[in-house]
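First the structure, then my questions, so here it is.
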Amino acid sequence: MIRIITKRSKKVGLLPGTLIHIGEEKVERTKVTIIDYDEAQMQEKEAKNIEECFSFKDTATVTWINIDGIHEVEVIEKIGTHFGIHPLLLEDIMNTEQRPKMEDFGAYIFIIVKMLHYSEHGGEVKVEQVSLILGSDFVISFQESEGDVFNFIRDRIRSNKGRIRRMKADYLAYALVDAIVDNYFVILEKLGERIEEVEEELVANPTRVTLQAIHTMKREMIFLRKSVWPLRELISGLGRGESSLIHESTGIYLRDVYDHTIQVIDTIETFRDMLSGMLEMYLSSISNAMNMVMKVLTIIATIFIPLTFIAGIYGMNFKYMPELEWHWGYFVVLCIMGAAAVSMVVYFRKKKWL
Amino acid sequence: MIRIITKRSKKVGLLPGTLIHIGEEKVERTKVTIIDYDEAQMQEKEAKNIEECFSFKDTATVTWINIDGIHEVEVIEKIGTHFGIHPLLLEDIMNTEQRPKMEDFGAYIFIIVKMLHYSEHGGEVKVEQVSLILGSDFVISFQESEGDVFNFIRDRIRSNKGRIRRMKADYLAYALVDAIVDNYFVILEKLGERIEEVEEELVANPTRVTLQAIHTMKREMIFLRKSVWPLRELISGLGRGESSLIHESTGIYLRDVYDHTIQVIDTIETFRDMLSGMLEMYLSSISNAMNMVMKVLTIIATIFIPLTFIAGIYGMNFKYMPELEWHWGYFVVLCIMGAAAVSMVVYFRKKKWL
Amino acid sequence: MIRIITKRSKKVGLLPGTLIHIGEEKVERTKVTIIDYDEAQMQEKEAKNIEECFSFKDTATVTWINIDGIHEVEVIEKIGTHFGIHPLLLEDIMNTEQRPKMEDFGAYIFIIVKMLHYSEHGGEVKVEQVSLILGSDFVISFQESEGDVFNFIRDRIRSNKGRIRRMKADYLAYALVDAIVDNYFVILEKLGERIEEVEEELVANPTRVTLQAIHTMKREMIFLRKSVWPLRELISGLGRGESSLIHESTGIYLRDVYDHTIQVIDTIETFRDMLSGMLEMYLSSISNAMNMVMKVLTIIATIFIPLTFIAGIYGMNFKYMPELEWHWGYFVVLCIMGAAAVSMVVYFRKKKWL
Amino acid sequence: MIRIITKRSKKVGLLPGTLIHIGEEKVERTKVTIIDYDEAQMQEKEAKNIEECFSFKDTATVTWINIDGIHEVEVIEKIGTHFGIHPLLLEDIMNTEQRPKMEDFGAYIFIIVKMLHYSEHGGEVKVEQVSLILGSDFVISFQESEGDVFNFIRDRIRSNKGRIRRMKADYLAYALVDAIVDNYFVILEKLGERIEEVEEELVANPTRVTLQAIHTMKREMIFLRKSVWPLRELISGLGRGESSLIHESTGIYLRDVYDHTIQVIDTIETFRDMLSGMLEMYLSSISNAMNMVMKVLTIIATIFIPLTFIAGIYGMNFKYMPELEWHWGYFVVLCIMGAAAVSMVVYFRKKKWL
Amino acid sequence: MIRIITKRSKKVGLLPGTLIHIGEEKVERTKVTIIDYDEAQMQEKEAKNIEECFSFKDTATVTWINIDGIHEVEVIEKIGTHFGIHPLLLEDIMNTEQRPKMEDFGAYIFIIVKMLHYSEHGGEVKVEQVSLILGSDFVISFQESEGDVFNFIRDRIRSNKGRIRRMKADYLAYALVDAIVDNYFVILEKLGERIEEVEEELVANPTRVTLQAIHTMKREMIFLRKSVWPLRELISGLGRGESSLIHESTGIYLRDVYDHTIQVIDTIETFRDMLSGMLEMYLSSISNAMNMVMKVLTIIATIFIPLTFIAGIYGMNFKYMPELEWHWGYFVVLCIMGAAAVSMVVYFRKKKWL
């Protein structure tokens, strides 16, 4: 399940700008990969140490520095110093509890988004924080661990497919955000399938497990919403065209991502509404089932209690009970009992209880 | 039932602007029909191939190119190239999961709206996406399949009824959107009738089927709302008069459609409120019914359990039980039982339980 | 009960501006009455045909043309042509399903409001649409049927009471809207009385009928709200002083009507809150009542079931049951039973169940 | 209890500006008191007739005219004429159903607020409307009845405590509004105490009376909210510094009252949330109690019904029942019954039902 | 538990600006500590009387005057007079019922925030009001009692760690607010842990205590929210850069605190949603448990009541009952009873009740 809150408290009392990693340590050693390209050529390499990427800072080509692992303070610090990034931002990069946000510092734009992974076994959604620094001709991306949704972007750069090699760093940043947002649809589809499964279960055979599943999904929606909602403002902020780092030609792509974000939010809200409806359904199923059980009890009890009473009467040991002496007494009483039972059943049918 | 989510995931990782059809393939072959008119004359024809319509692009007459079927990539691409439409828009046209939206590109305005069909058998509402491209003297409309709500517009153009032949392409676009919004009222009427039916059922004889029906309609409202709500902004955007493609004389018509949209939204909200009220009614009916059943059980049990106890006492086999010897003992006990039963019934009546 | 939705669908596919009456035909023949006045003199007459009122258009005096009945297309059309009213507005006038709205066309202001009637027998609220056209020195009012809340305005004009004869057409329009809003208070009072009645019933003796009544009123509130809510914007629009048709001196009166509208909306919201509270009360009464019934059952059953068991034991026919032979056995058992019953009652009292 | 709605309907059809008293006639005869002061001197007197106060209009000193009783039309009218107050405002003053509001007429500012009284016996909150007219050097206050929360202001003027004698009329108006808002805290404290009382009752021994108390308080909150909410806008309107009647030095005091108003609103919202929580608590207590009762019934019935059945078997009168002949048969059966009862109790304990 | 409302009423009727302490007297004697620093040097001392700190007012160094204890009127008054603070603010400082707020008076900025303490024994959250006065080169902080979350700031000043000694008074004020907001995360973590504990209890063994715990936490959330929500506006107000007291370089730090505040608010909202979900879970657990109990009762009763009836029949004492004479009668009846019981169990299993 998605964590509620992590041990952020270890930060309390530290200097603002003190770098400390908050989150699970997901990767053993920080891995730095560099992709450098323009329309004519591209090169790709895995850096042995962080200093290797510094030389790409001032080239005219677009450079994408991807860093997997954000727990090594000295690595983050070196990048910060070399690329002139404010210490508070480095702090944000290392703290995986950030909300998605975008901040424009003139020389670069700082973006935090949440990348989601759906683990097939267990059906859990995992959240990974991705921080982007968009400079005039470089993008630095920080991920918590290896493995991301950017492979097709790498392929596209390598094979010079599409317009990415012709565009600037802002298009690369857009492409990364777009890949993350597109991935939300995959997650939502999985969740949608699970919702449909649980819904069928709900109609066929609602059990306590169904209830638990609905509650788990409701909670997941709360967390998904928290991750996605701020994206709206973030992307509309990027598209507002106030930064000279964002070229006008990228505007239409940003509008497209914005549309997708709205769609994701819409779908989450719809899922929430559906889950609420399912909870209502579950509760009314339960009360319906209870109703049925009660009816059975009532019918059985209401038919047999009076009959048992009649039998009780003739089980009394009074000396003088004339009926007991009658030859057909027993059979008459049996008939009376039968008639009473039948008339009750008829009455219940009329009342629509049977 | 309206789908929750479709397989959008197959798009993930593709180039932005890659054309891929998302949705059900509803038509076998793309069908292109052209209506070209001005005040003086009109011609109408079904194009054999998509190239036929290109010649109409630069005529001074208004041209309406209607395309049924959006799954053939090459057709969409050719239109895009010839009419200079941005690849991202072509992508949107082919993806039936879009929200209604309007985008102004200067040379043309791009509109996506949702057309609803009510299928009589099954009572389902089906959604079809309609994309419109409004240029200076042409309108291109893309539909998922044949069959639409535009026939009376065609008739009006053919017979030169009303002002449509005297007006420009923007009026045609308005007429198409207006036809779709007007059609919502038809759908809402059908749904309103079903709500009234279910409501009568609810008063007369609420069953589990009624509950199911209320839930289905609640969900349909969620989806309808999702289709209609963005229209509000869309049409007010069109009417704001910022585009030179929208002539001032069309403004009042757009305000009229806007009013209709607000009315549709109002009605959907009202239906939602009503369905919530009906759900409450259902649940309180159920608990009322249960109450009644419980009362019957209680009354029967409360009357007969003590009587059975009395009978049990005189069924004991003690050697020395003086009452058993009394001549009228049996009748006295019967009378006591009768009196107990009557006084209980009287008590229940006083307590208003009977 | 207020209708949910009317047959608006017959309009679908017609030319915009096609005049067709949507609503019940409430009056047999359109009735046109004219009141023409200035400070010095006034005349009042019932027009035999619609043309009679045309001559009043350009007089300097204020003319109030009231039209009862909006189903005769030709009458509406003639007025439209003569007074230069846009066909779309004529359409709106004839369609009784409009939301309240205000539109400023420069030469005239178009207003739609909803007039409510409370029919004493049945306690229903009926809605009638009133459309007003405010020109520079005339007001045309369209009503669905005869009978309105304007009689005291007519009296005031006839008897030259108050300032109405000294003021212009805008004051007349204000007076009409004010009369309609003031009438809402009458309706709300009636509803308030019914709410209080139902509330007393709820405390004294809640039945299924009470529940039905609460639900009916909740629904009426939904519809009232729909009629009144848009008035807020409408009147603040009128008072914003952008139209040259509204004189400054009328501003304070419009602010007064605005205050009243807010008060009406406040009261409706308060009623809604109260009705929700009453529904909660009803449901908890029901569950309380059920609780009581269950307690009685439990107490009776819990006391008598063990006693019956004891009686059952001594009703067994075993050969060797020593207690049966004891002389006081019967009385001892009776005493034991009595003691068991008393101790249970004491226990229940301690647990506060009795 | 606070009234829902009063007979406002008697106003319908009257001229706007017609003075008619709406509300309960709380005072027999209108009482006019005048306090006139500047820094150097002050005088205070009870006016015998309304004309007495007219002479104070144009003095340079600050004059506070307080009028208890708003049902005498001629008194209100005379003041209106002399001080040049618009007839619509006089109407508002006499109609106790107004919302709190503030209107700036240049020469004077018109303020309506609600003064609350808490009557110890009965615990009811009573509402009294206070209207203020703030002119350049006078304040006229209209109250429904004698008795108010302003005595300490009078004391302060008499004894020249604080800055009030040095300040202008706007400070006096502020002081009056501040006194009313401060009084809300007293009311809220009383309500807070009642809420705590009811809460303790809820934990100790929830009864139907508790439920009734919660509902009554919920309704009181609805009405309190209606009285206080508009104050926010009212006071921020006064503090906006647009009127020349409000001196800059008063601004900080107004901001202070504004803070208090926000605090009152916050507290009301908190109380509403708490009452909702208490209602939930009550309902779950009730369902818990019901659960307990049901468990007792189930345990008793489940233990004794099978035992009674066994006893029933050996009470049958078959000729050939071998067990009956056994010497220890009776005791064996008693043991079996005991064992069955014990094992059931053990089972129930394991299931945590006992 | 957090108090609902304190005795604010003792203020009613006092002069605005009258200093009176509202709250618990938490410290015996007001304690004043002074820290004075610039980049080169720092001194720290505990003042014996309040006058000692006056000399620091006009030095060029940054001075932090911290006052523990706000109940001594003369101390507060002296500070007010010397530092030129408006009497209304002094009033606010002494009244612990203030909402968090920020006011800019040009020469100084006045800030009220709420500092939270979590007491381990009892698990209560305690609120302490902290008021800050930020002047050009001093910060005065008022606390209700000794003990705060600022120790690490003092350490940082003493040891010249970080940038605090190089920055101005505005950075000190930021650091104080930041410490308080950071502390919220500690509180939220504790609450998050308690929520998780209660949640586990809810799944394992929900009892009335669990319900009580959920309600207590819900109420704590209401109060936390009330303390934190206004911070949002407060900090964004500080960061807006309108005051000359806030240097541009502090802006980015304020944006950082702002982000944290939003995160705190987000977390509180998430906790509220979770607690609501837990309440729903609890209620459905209870109704589930009830269901189970009812089923057991129904099964037992439904199996044994008919069997007991059969036994009752053959316990009747009729003279002529042929079955009683049959040799195998008893065993046949036993078999019939067994068969009836088995078939009922089978039926229940089929219906999924067992």
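For the reader, a short list of remarks on this structure follows.
Chains here go by letter, A, B, C, D and E, matching the order in which they are written, and residues are numbered from 1 within each.
The criterion applied here is as follows: a residue touches a chain if its C-beta (ideal position, glycine included) is under 8 Å from a C-beta of that chain, and two chains touch if they have at least 3 such contacts.
On a predicted model such as this, the values are computed, not experimentally measured, just so you know.
When the partners of chain D are compared with those of chain E, no chain appears in both lists.
Under half of the residue numbers found at the chain C and chain D interface occur in both copies, marking it as a different-residue contact. The geometric centre of chain A is 43 Å away from that of chain D, both derived from CA atoms. Between chain A and chain E, the centres computed from C-alpha atoms are 26 Å apart. Contact of a single residue of chain C with at least two other chains is seen at positions 287, 290, 294, 297, 301, 305, 308, 312, 315-317, 321. Those residues of chain E whose C-beta lies close enough to touch chain A in the complex are 149, 151-152, 156, 161-162, 175, 178-179, 182-183, 185-186, 188-189, 192, 195-196, 252-253, 255-256, 259, 262-263, 266-267, 270-271, 273-274, 277, 280-281, 284, 287-288, 290-291, 294-295, 297-298, 301-302, 305-306, 308-309, 312-313, 315-321, 352-353.
Looking at the complex, you find that chain B touches chain A at residues 4-5, 7-9, 11-17, 86, 88, 92, 97-99, 101, 103, 205, 208, 211, 215, 218-219, 222-223, 226, 279, 282-283, 286-287, 289-290, 293-294, 296-297, 300-301, 304-305, 307-308, 311-312, 314-317, 321, 323-330, 333-334.
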